[in-house]
């Protein structure tokens, strides 16, 4: 039943990285929920929403089978990562910035996978790029809404949604120029990771709205 | 493929007003996101959620193709309106109340289009009226949740959801009485605009919950 | 059209309890929205979201017809319960704890019905248990997000999501061991009610995240 394959155009290697991205997102969910004093189950729910929320919204909008219902491996990975983090952090103190580089990799992978899935679903280029951004960033929005915070990705600061959108547009553009899918995917991921890391390193900011000033 | 037509029973003129309603909703999203100090991308995301959120939820609930995925014009309009507002407001100081009348028109159009789409999808009358209210008002709810505010439409004050619901019920009732679709649509829109403008002008209020007092 | 049946594997008696669960959830939504000073329409919207939100998310994720669109009785029940509560509480002062036992029954019924619907939809056991939890608890999450609160079910305290998840896993496990569907359903409901009531009575708590301490 090939229509149910979750990442039909990317290799098994990238499937593995996709699983890793789910795990990293679950960990960031645990850390934020923990700061709010949630209990074990609250933490698990926020972790699942963070890890699976973006891809779920993409699949609902495109009317595809929801990826973690079609393939339970994503759900098990997110749960295992959340539980391990929950108990590990009670024992060991992890430096918070250890997650920033894997998080950038996760953002890149999620965004490229989401954009490619939408293109394969025959959406227009702009819709496809937006599906990539949703896949990459919506989980974090959900995490912040559940934790009663303004979603961090909307606040001025390090590039996040903008890095994802740039990479998604690069993926669409390169394929329109005739580049092969997997090569375009690698370049798009490099764009996202480079913009995100540069944004964090050099505190790059987009213009904010003048009414604030 | 007629099933993909977004407004199958209303004229091209009303399609144009629908596009205008999307633009106005995007502008209100920009103004609220700007007050929160969000950056350009955060503002764009909130504007898209405000402009497209109501119709998206309606289409997901009815299991229809999502309107802005089926027709990219809505997405482009919302983005263009958001970007123009973002840069315009940095240069020119607009009176905030300039948007209230177009917003009331947008509410009326969205509500009538949403109700009619649901009726054509063979829902019951009560469900159809609710789909109209969702189409008209849910975008603003999403905007306020993303901006970490209690949705304004729920607070006591000027008629908003109640105006939309009254108009949606008028549309359903007039057609049940045998009135032709487009005529019923114009009357329902007039009901919504009149109630909304009267609510703002005379500060009409629905009863609030006694526990507050 | 059997595919549209909402509770295909449980009896008419349980259908009646399901309607009662919708009513109880609507009432809890009215009480929270009222504390925020919302007006009649805001209260009605929050009540509908509380009563119908969990089952709606389940049906969207499983790509089933949304239950209250397929059967208008749920919508009418939720609206009637919300309106009655709104006006009753203006006249009579109800003790707030009067709703806790029916709420526990509602949680049990929603969770068991949601899990069984997912199993009948051929999801995996873990996905099915999660669908049960979503059906039982997501309405309350939506209520709290709309009211701009951290969802109560995530905070440390009385067992809620954990009771629902334990019951859902019991339902799946007992059927895997060969127990008949309706008997397994009653046992699972008893597990949920017992855990929830014991959690309230003895203030049982799951471990919370150490970073808080």
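For clarity, chains are labelled A, B and C in written order, and residue numbers in each chain start from 1.
As a working rule, a residue touches a chain if its C-beta (ideal position, glycine included) is under 8 Å from a C-beta of that chain, and two chains touch if they have at least 3 such contacts.
Just so we're clear, the structure is a prediction, and the values are computed from it rather than from any experiment.
Enquirer: Through what angle, between 0 and 180°, must chain A be rotated so its C-alpha atoms fit those of chain C, rounded to a multiple of 5?
Expert: Between chain A and chain C, the superposition angle is 120 degrees.
Enquirer: Would you mind working out whether chain A and chain B touch using mostly the same residue numbers, over half shared, or mostly different ones?
Expert: Since fewer than half of the residue numbers are used by both chains, the interface counts as different.
Enquirer: Could you grab the centroid distance between chain A and chain B? Build each centroid from C-alpha atoms only and quote it in angstrom.
Expert: It comes to 29 Å between the two C-alpha centres.
Enquirer: Which residue numbers or ranges of chain A touch two or more of the other chains?
Expert: Only 60, 63, 145, 148 qualify.
Enquirer: Using the touch definition from the top, list the residues of chain B that touch chain A in their complex.
Expert: Touching chain A: residues 30-31, 33-43, 45-46, 48, 56, 60, 63, 65-66, 68-69, 72, 75-76, 86, 89-90, 145-148 of chain B.
Enquirer: In their shared complex, at which residues does chain C touch chain A?
Expert: Listed in rising order, the residues are 60-63, 123-124, 126-127, 130, 141, 145, 148-151, 153-157, 161-162, 165, 205-212.
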